[in-house]
Structures are given as C-alpha cells and as structure tokens.
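Should a chain be cited, it is by its letter among A, B, C, D and E, assigned in written order, with residues numbered from 1 in that chain.
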Amino acid sequence: ADPVKIGFVTTLSTGAGAIGQDMRNAVDLAVEHLGGNMGGRPVEVIYEDDAFKPAVGKQKTDELVKKDKVDFVAGYIWSHVLMASYKSAVDNGTFLISSNAGPSALAGKLCNKDFFSTSWQNDTTPEAMGEVLNQRGVKKLYIMAPNYAAGKNMVTGVERTFKGKIVGKDMTKFPAQLDFSAELAKVRAAKPDALFVFYPGKHGAQFLTQYSQSGLADSVPLYTTFTVDSISLPRIGKMAEGSLMTLFWSPDLDNPANKKFVTDFKKKYGHYPSHYGAQSYDTIMLINSAVEKVQGDLSNHDAVRAALKEADFNSIRGDFKFGNNHIPIQNFYLRQVVKDADGNYTTKIVSTVYKDHQDSYAKDCKMN
Amino acid sequence: MTMLELEDIETFYGQSQVLFGMSLSIKEGEVVTLMGRNGMGKTTTIRSIMGLTPARGGRITFRGQDITALPAYRIAKAGIGLVPEGRRISPNLSVEENLIATASKGTSGNGKWTLQSVYQLFPRLQERQTSMGNQLSGGEQQMLAIARALMTNPELLILDEATEGLAPLIRQEIWACLTRLKKDGQSILVIDKNIKALSEIADCHYIVEKGRIVWTGNSVSLAANSKIKHRYLGV
Amino acid sequence: MDGLLLLEQVLNGFQLGLLLFLLAAGLTLVFGIMDMVNLAHGSLYMMGAYFCATFTGWTGSFLVGALLTIPAVFLLGVIVEMIALRNLYARDHLDQVLATFGLILFFNETTRLIWGPIGLSIPLPEFLSSTVEIIPGAPYPVFRLAIILMGLLVAGLLYFIVARTRLGMLIRAGASNREMIGALGINIRLLFTLVFGLGAALAGLAGLMAGPILSVEIGMGEGILILTLVVIVIGGIGSIKGAFIAAIVVGLIDTVGRSFLPEILKLVLSDDSASTAAPAISSMLIYLLMALVLAIRPQGLFPPKGVGK
Amino acid sequence: MSSPDLLIIDKLVKRYDGLLATDDLSFSLREGELHAIIGPNGAGKTTLIKQLTGEIASDAGAIHFDGRPIRRLSEPARSHIGIARSFQITSLFPDFTVLENVMLAVQAHQGHSFRFWRATGKEERLIEPARALLDDMGMEDSADHLVAALSHGEQRQLEIAVALATKPKLLLLDEPMAGMSSEDSGHLVEILRRLKSRYSILLIEHDMDAVFSLADRITVLVYGRAIATGTPDEIRDNEEVRRAYLGEEA
Amino acid sequence: MTLLSPRVLINAALLLLLAALPFLTDMMGDSYYTGVTSRVLILAIAATSLNLLIGYGGMVSFGHAAYLGLGAYIVGIGAFHAIEDGIDWMLNGYYQLAATLILSALVALVIGAISLRTRGVYFIMITMAFAQMLYFTAVGIETYGGDDGLTIYSRSDMLGLIDLNDEKSLYYLIFFSFLAVLYLMHRLVGSRFGAVIRGSKSNEARMRAIGFSPYKYRLTAFIIAGTITGYAGFLMANLNDFVSPSMMHWTRSGDLIIMIVLGGIGNLFGPLYGTIAFMALEELLSSIPLTIGGLNVGEYWQIIFGPLLILVVLYARNGIDSFLPGTRERAK
C-alpha cells in the first residue's frame, strides 16, 4: 500500500536545532513503537528544517503540501513560523498539527477545522503558575520575560490568575538581551516575594547563570515556565536545582504510555526526553489513532477530521481530549528540578494545579 | 665590485609585457641614471628590482645574492632604499612616525642617517614634525619620502622622480646632497627628467625605450650625442 | 528612582560597556587599523568561550582554561587569516563582509558539529563566583568586577601599543600603505597575520570573560557583534580611544535606559502605553544613538587622525 | 592695456590648527591673463586653489569673482559660475573612457541631470562638444580608451580637458606638468599657450621654464603671504625670491 | 557589442524559460515550483534595485530588507482592518499599492537624507541601524502580531483586473514587474542620471569640482531603489499571505547583498542570476542526501555554503557573471 505521508517541520539547523533534534528523536521512536505502520499502511515521515525563519518554514510547508503531497503536516516549534506556514497547509486541505507552538490567535478567532495541537495554548501554563503563586501565599511578584508575542502571552497568563500585587515587570529586549544585571538590580530593590520568569531556549541558561551569580537566589525564589527543560537541564541543572515550574507533563507522570515513552527514549538516546519530544510523540500517536479509525483510507477528509477530533489514543499525558478549538483540555502540574538516582537532573511532579484546564481563547473560536 | 646586476629582465602587468630583456648594472659607489620618456618602463624596472612586480624572466643579483624571486621586504632588508614614484607617504602617521616606523641601522649596523641628520637636510620636515602625512603639501611629502628612504641607511639608494614637485631651491639642495652622498661612497640609481643636473653627478646613463636599454654611456658621450637625446628624451 | 539603585545601574552599565570594549578593541584593531571588516570577530569570540569551556572541563580550573584559551584562539586567528583572509586586505569592504559572513556560517555549524547544539557552561571557581558589597545592600558579583578590571587593562595596553610603539606605527601604516611598507623592509604579511591573531586573541579573551555570565552557545557572537559594530562606529572606526568611550556610553545608555525608561515614559504617556513602548524603544536606543551621532558627526565621535580628509 | 580684474582676493586666511596656510593674502587676476603662482613647498599654493574652488572653507577674507563675492558659494556652485581646476594628483574617473570623462563634465553644465531615460551614448548634445574638445587637445585617438590604460602624460592632459569641458572663465591649474617627460611637458606648454588667449588661467608650477615662458604675471607665495608680484623678468631679478625659492635656477 | 552575443542569448533564454515556467510546471503536475520561482523573482526585483545603489552607485545599503517589510506590512495591515473591522476599502489593492509606494519613498527619503551624509562603513552601519529600528517597531506593535507576524487572510483586491489568488496570474504579475524593473534599470543606468550616479561612485571629489552636487542624485537613487523594493514587498505579502518582522531583520538585508554579489555587482542581469543561485544553493545543499556517521550532511549545509561564499569572493570576483561567455559589460 501507499505510505501515509507525514511532513514534519522543525528547526534542525542553527543553535535552536537541539529542540528539533529532540522532537525528531521522539517521532522516530513513535514510528518505531508503531512498527512503522498505521492502519495497515507504512509510514513515511519527511523532516524539513525551518532554520528558525518564518519564510523558510512557509516554503518548506509549501513544498510538503504541493510537491510531496503529504497527508499531514506537523511539528512547528515557533509561533511565527507556524503563523507563516499555517495558511499554506489548511488552504490546501492538508491537516496541520502543531507539536509545540500555541499562539492565541489559532486558539481563538482564527481557529480552523483542519488545525490541531498536541501541546497547549501559550497562556495556559503561566495561568497554572499564577495559581501556584496564590497557593503558596506570594503577595508581591516581580515578572520578567522577553518582549515578543510568546513572552507577552506568558505574562498575560500569570496576570490573569495571580491575585497578589505585581511590584515590577520587565519586558526585556528580544531577540537577544545579553545582560540582565540592570533588571536583577531592580528586582532586588523591589523586594518581591517571588520572581516569575519566562526565558525559553538559550536565554534560559543565560538568565539562570546571572540570577544565580547575583546572589538573589537566597532572598527571592524563582518560578519559571519553559525556561528550564530536559534539553538544558544537563547544563544548567545545578543552578536550577529546586526551582519550580508548571507544565502539563513531566517525565515522571504516572501512566503506561508515558512510562513506555520515557523508558524507551532514555534507552535509545541516553537522556530524558523533553516536553517537545513528548508532544511530538503524541502527534504521531494522534495521527495513528485517526488513520486506524478510518482503516487507512484517507480519501474522506471529513472522516479523518472526525477521527482526529476523537483523539482516541493513549497519550503520554493520560487521558487526551480536544476542546472545541482543537487544543487539548488537560491537567497542569507543578514540577521541581531534582537529581534522579543516577545523578542526572530531571523534574518531578510536586502537585496537580489544574485538572482539565481549558484555555481562555476557546470561547472566541466560532468552530464547532 | 658590482652592486646590482639585471640580466634580461622580462616583466608583465597581467598579460601585458612591459620589460623586454632589460639589463643594466651598477658598481659600488656609482651613480647611475635611468632615462626615457613617459611610459617606457623605468618605474617598472624599479618595481622589478624591489620585488613589487617580480620579473618573470631574467635574473637580478644584488651584491652577489640572487634576489629575483625574493619578497620585497627581504630585498629592502638586503640594503636597497626606495623613494617611490608618487611619494606613498603613510597618511595616518605623523611626519616623525613616518620616519622612524621603517628606520633601520642598515646592513652594516652603523648607519649614519638619523632623525637629526635628515632634519638637518630638510628643516621644513622638522617644522611639520607632528603633522599627519595627509596634511603635508605635495613637496613636503616628497621630502619625507626621501628622508624615509635615507633612514633605512641603504647600500643602494633608488630615487624614482624624487625631485618631482619640489621647489627649485630644494631641488638644488637634493642634487647637492646626492653629490655629497656619492662622495661618501653611496651607490645610487636615479630616475629624473632633469638631465643637466644628472649629468653632473652620474657616472653612467642608461636610456630606456619600450622596455629595453637602447643606449648607455657616460655624461660626456651623452652631452655629445644630441641625436640620442632628441630621439629618446625629447630634448 | 532612588540614588543607590541609580548608582548600582551605573556600575552595571560601566561593566557592560567594558565587556563591549573587550570585543570592540580587537574589532577596531583589525577593522579600523588594518582596514578589514571582520564580521567573523563574533565567531572568534564564540570560539574563545567554547575553548575556555572545554579547557576548563579538561583541567578543572577556569584560570588554567583561560590561559590555554588565549593562545589557542590566537592560533586559530592566524590559521583563518592565512587560509581565507590574507588576500582580502586590498579588496573593498563588500568583499570582506561577504567572506567573513561565510566564515560565520562555517564556524557556527562546525561548532554545532563538534560540541552539539546545546551549548556549554563555564563553571567559575569559588572566589570568582561570590559577591562583594561595594554598594550597601547590593552585593555585586566578583566576576563582573574582574571584567571591569580586564577591560581597563586591555584599554591601557592597547592604547600604549598602537599610539606609542613602533609596532603600532607599522600596523597603522600597513593598512593604508601596504606595498610601500613592504618595500621599506617590513614583512608586512607576517605583521598582518600576527595582528589578526592579536585581534582574534582579544576576541577570545572577550569570549572567555563573557562566557561565564552570558552563556556559551552557538550564535552567541552575532547579537553582540552588531552591538560591537555600533560601538566602534560611534567611536570612530580605528580609534581605540573612541571605542573605549563609545563602549562605556553604549553600556550606560543601554543599562540605565532599560531600567528607567518605563518610569520616564510614564511622565508623558499613560501607564499602559508607557510599559508597551518602553521595551521597544529601549531595543532601539543604541541604534537611535548611532543614527544621531552619525547624523551630526558622519565619521563618528573620534575619527583617528590622518584617514579620509 | 590693463584689462579689468576677474578675480580679486582680499585678506584671505586659512588656518590649520596652529599653521597659517594662507595668511592675509591679497592679489588679483586680470581678465585673459595667465597668472602664475610660485613658492616653496608648503607655501600654501594648493590650499589657495582649494579655497578658490570651495573645496575647503576660508577662515576670513573675501573672494570676488566676476564682480560678485563668492566666499559663501559651494564648490559645485562655483564651478557653475565659471571656475574650473585641475588636480595636483591626477583625479579622473578611472573606469570611464576618455570621452565619457569629458562628456560628464559637459553634462554638468547643461542644467540638471534628473533625466532618467535617454541613453547618454546617443546624446549628440553631450558627445559633440566632448569630441570637439578632445580634437582640440589632440586626444581624439584615445577617446574610447579607459582612463586606467592611459599613460601618465595623457592623463595629465585629460585633467585639463575635463576642466575645460565645464566652459570656465577661470582655469586653476595645480602643477599640470608634474611627472611629465620633457617632451610631454613641452607639448603641454604649447597647449597652454593656445588656451591662454581664450581663458584666464591661474597656474601653479615648479617647472620654471614653463612658468617663465607662459606667465604674464607671477606672484610669489611664502608661508601663505605674497612676497612679490610682477612680470617674469621682475621676479627673476628679485633678490628675495631668489633666496626663498629660485636659488641659482633661472 | 554585437546584438546576439552568446551572453545576450543566454540571458534571453533564461527570460523565456521564466516566461513559460507556469506551463512547464503544469506539465510536470507540480505547481510548487511556480511559487518558488515567484519568490525568486520578487527577491530579484529587490536585488536589482539594490544593485542600483551598490553596483552602480557604491552605496552599500545594509537595510534594504526594511522596504520589503514595509510594503508587505501595508498589505497585511490593509487586510487586517478590512477583515477585523470591516473597513473594505483597505483591501483595495490600488490603495495599498499607492500607500506602499508613497510610504517607501518617504521612508527612503528620511533614511537617505541622513545616511548619505556618511561614507563607507559608516553608511553600511547607519542604514542597518535604521532598518533595525523599523524591525523593532514592527516587533513592538502588538496589534499586528508583533514578533509572531500577521497572517494575511485576504490578498489585495485588484478589482477584477487581475486575480492575485490565482497562482498563474500572480506569477505573471511578478514576472512582468521584474521585466519592467530590469528595463527601467537599463535605461536609468545609461541615462544622464545614471552617469552622475556612476561618476559619484568613481570619483566624488572630481564630481564636485566639475559642478555636480552628488548628494541630491544619490538621494534620488536611494528613493527609487527603496520604492521599487517596497513594491516587491507588496508582491511578497500577496504571495506569502504572511508578513512578520523577521522579513526586515538585518540578516535578510545581508541575504540581498549576497545575492547581488553572487550574481556579479554592477551588472544588469547579475541580481537575477545571484538570486537564483542563492535560492538554489540553499535548497540543493540542504537536501544533500548524504549521511556520514549518523549525521545528515544536509542539516549542516552551511558548513559548505560558508566556504563557498569565501571561494566566490576570492576567485570569482564578478560572481556568476565571470562564468558567462563574452566579456563583462563594463559597469556602464
């Protein structure tokens, strides 16, 4: 039979390539777990590198859709790459599944029947963080995040749920702020109960280093989202140890699918998977569930969509269900950086913050 | 003893050949001139000697050493001092820096040209000591170029149109200076259009035409040979 | 705005400025004095950080790592110069920009190949990772003091070499007058190679000083390179003094601007628009500064003597 | 037969840091005359030319040209009222042909150049005068050569042709003979002799044969001041000029 | 120059191929290449206009991508308000076009007026600085998506004259626009105006001495190039259905420069060749199907591309142009 073709767009080159590599590893593992088969048809995954540029991502998506004529396009780490590529896929009637990026527009007003996500909407994770801060009795909060769309989403998220007073907020330069000493000095002067930051990817390591050198760690505890992850932990674990973050998933999340994923991933690649990998693994499993449901017959577009929407598979997060906007409704956990038995840094779940949490843009989505 | 010897030099700029078997020789202590109209290859000959536009054919020896294929700085180190056509002063060095940056005691190590002695020769330079190279007038630059070459205390001094753009008084001083240098045993190769002055100090003249030597002789025979002068020098 | 905070921010700005100067020094040396636009300066800076991380890992000591890094980057610079760049001195800036841009791509990807995409960290010894309280109530990282010290040291040394020594004269002369300086007995090729190596070593020094605080990763050179270019352009290309002053001005404006701009804007704008406008404006601040300086002084603040008119 | 003054310089000053390059200089140039300026190196001759063309600003004093003050005019504006110069160090458009060099100068004086469509290569209004000028200078054979391929002598000649193409009233020549062989400078002297009747010329030159045979009047500049003005014979016999500049020559 | 030199033939053949491209891809049943070539041609328009500045005028503008972004944002903002707020006239392509041209010209006027006072590397840096300011402005405007960019849900409405949603119509609009720009450049460079621009690159001091004030001519060239590139941005937005600040980042300006140098600067067809070469290299190198020691060579394509750039600079100074038969047209 003809293979089921999946295009997977992620960042493989440049310094951000580490994330793409983790995602690809997870996808490869998923395909391996499926025995290279979906609904009786072989699976072919075509990886494309967006080089961290929207224009390239868009062109690669075009290529996948028009030239390779794939059945599903998936991947996408970055909001701006996803936004640039999005129309190329859905306008041509190809399903688009985001394995990471979760801009608010696509969850709300611009939601689309052929667009799905196996990650989250940007705001939800910090919303959970706001809740955590309330629970922990934080009254005065200082916020730092880079000044771009995702950064603003994160801040909006925390502000939406946090009930105390925000005593200071710095939206730092994006893309590259080199030095945070000025902001850290302001934090010290403001004397908050806690510091919340969002510094994804390489900025995370940079921020943490400077935070730990500043001596602030003793007086102002740090709460983060997407700043520390399994990719950066081996390098910055020592500085991040004990710090708290929220997420929908953690390697120690207790369910059979996740156990299998994490164990096999570690066996195959020698380190913990990141949430990027987990989401990508779920992407493949989601596609598989739909292909199985239609018995490998992808010609009926509506049937495939309905099958995707059902999301009838064993997710690494346990139960999986979509909201009306095709974004998962899911639990959020508080996690903490710890050392595992082998001396490697990882995260463990401290508590469940939200059960079945839905993003707040879903109501703007006119799709049903 | 021969100081410099060129045998059948052939030199090209890219594809175009400019020197076609140029030969000449300079003995120790001699003042030799190279004459000819514009564009005949005088400067190119100098560039070949200095290794700036290396000869593709022939052989150049300096005090017995083959220097044909040496890089320019080795040739300079071997004892040739150059006053180039067009002065080539460093615009972003002061007058004094221009002089000392490349100064050297010479091959024998007891060079007699020092800051003091060149300032004595060109008092105008001392007045402009701290000016940057690009602030000098044309003539001041020319003086500086000559002083700079002297400061390397060369065995052989090469002057390519060194009196161009100099006031008559200074020009006379330079000739006087060359005369003194010659008396001290300095070997000199000089290109200039001022035939009268050259004739007084030169031991030997070479006339260049289209990349070859077409005539050679001493001042007496040059003076006698007005046909040659008219034909090759246009005077 | 309280006084102590302002004082602390000024210190922070000063420190950022001196870090920029460390990078700008090598760049202005090669760029201004040898007339070579070397965009790959940022790559050499990155190599400094990676080498230092690696050597520190091997030897277990940051100081030994740092001491090994400087000759290593010097050597790397020499090799790069000999293979790729020595034929470009006489070319126009466009060619140099392009070739060295090619080098950036090469270095970034080679680094990814060798060290992987994730980046490294440089652990500091105890005495450097502590803090001292120079301003009451505001412990200041010792390592940042070390950066300030190193910046001042390099500034002094370089100024001395370029302005006062014969080597400095030759370097300056060589750029405008390469052929002639050769014909006067100087091995200009070697000289340039060594100077390029010196520039590289300075970049490496900047890298190993920046690495422990700004993190060590691929592409770390590009962002800071632009900033550094801005610094040397404001200062006047080729002027060590200009680079020094401009670096400190840029460091101060950037830091102080970042920390007080929102408050200042709030005086004229509504709270909301002030807090949205502030980060955008502070990103632009140094570019604005550069445009302003060049609009008034097209050759920068301190153009070196004797170039141009 | 003294004709009116075309150029009057009054107490002109140019200061470089501590140095007075032009020091309270006054003199005038008559319509149709060839006025030579001589003086030791660094006396301020080139500086004076730069002040006259507007390349550098003067610190004090006045310049009158054709009856009007011009000290405040820009360099291009001065070219438009009829001042042209040649450069001491050849300054041409090296990647243009000889003809194109002259055409560009012609173009500069035919109104504005915001003309975007017609090919200059087909514009008789540019080509015609340019060719005529080259014919006049005896350079017609090299019209289509690139400047970079010309001999030094020809380049010096082209310098003058480009200046003439702007149809000047006053021609400022800065050492036009520099670096020329005796033959070529002889040739150039002939050309200047012809031009003399048609233009007013200010000539700077260290070649005394040329100066004495061409000049109507000579002004001697020393340290930015005029120490003498007069006919060639007067200057030749001036003791002070001999001491400061000429030496035994002449 | 003979009319039918091999060089002319090669150029003509390339244009013919481009003219027929949509039909060729139709025959191959793969419309992907029409889209890719549209992109190439739009970039070639931008590169050609930049070539006027760099190749003929010696003004190395390092901020040219800003105009691309400017034009694209006009289309994006128009579509945004037309859809979000129902302001229908903002979707009108002619209004958008007029706004694009006027705005790009004005921005070029302001940037040029200040930048052209400087020379050399200072000019490179100040043009980059202005472009970065525009970039950060775009990042800062949340309404239009900030850094995430703006998806364009409706292409410019050309009132029935031409349907930009049709791939082929759009392609031919782009193709003929490119031809027009090419012809315009050809005329411009040979005209009196062009002579002044080239002369000012060759020897500015001499230009002033013979009575030109190069500044206003340079400024005009700067505005012309900016406006044309703004137009290219208008086309780009309609092709991509998307605009984001990253389009204006200084590295994109760098790409444009690489394109014209690859093709051979100061040469009419150079930018087209350069753009094609740049895009083809990026595509080919990144899809090298070679795996060494578990590493996919394609993912490290810049290890090859970087040194390739250096080789071009070192050994092929006129880029692709130096490989074409016949002598290079002298920078006219």
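Methods note: a contact is a pair of C-beta atoms (placed from the backbone, for glycine too) under 8 Å apart; a residue touches a chain by one contact, two chains touch by 3 or more.
This structure is a prediction, so every number in the text was calculated from the model and none was measured.
Looking at chain B and chain C, not one chain touches each of them. Path length between chain A and chain D in the chain contact graph, taken as the least number of steps between touching chains: 2. Across the two candidate interfaces, C-E and D-E, the one carrying more C-beta contacts is C-E. Spacing of chain C relative to chain D, judged by their CA centroids, is 48 angstrom. A straight line joining the Cα centres of chain A and chain C is 35 Å long.
If you average the Cα atoms of chain B and of chain D, the two centres end up 30 Å apart. Residues of chain D found to touch two or more other chains are absent.
Shared interface positions of chain A, defined as residues touching 2 or more other chains, are 13, 17, 147, 174. Multi-chain contact residues of chain B (touching two or more other chains) are listed as 135.
Interfaces, counted as pairs of touching chains, are A-C, A-E, B-C, B-D, C-E, D-E. Within the complex, the chain A residues that touch chain C are 13-18, 21, 147, 169-176, 178-179, 181-183, 185-186, 188-189, 202, 205-206, 209-210, 213-215, 231-232, 234-236. If you check the complex, the residues on chain D that touch chain E are 53, 55, 74-76, 79-80, 84-85, 87, 91-96, 100, 103-105, 107-109, 113-121, 123, 126, 162-163, 165-166. Those residues of chain D lying in contact with chain B across their complex are 16, 38-43, 45-47, 88-89, 151-153, 175, 178-184, 186, 206, 208, 244-250.
In the complex of the two chains, the chain B residues touching chain D come out as 36-39, 85-86, 124, 128, 135-140, 142-143, 161, 164-172, 193, 195, 233-235. Within the complex formed with chain C, the residues of chain E that make contact are 54, 60, 114-115, 117-122, 124-126, 128-130, 132-133, 136-137, 139-140, 142, 250, 254, 257-258, 261, 265, 295, 300, 302-303, 305-310, 312-314, 317.
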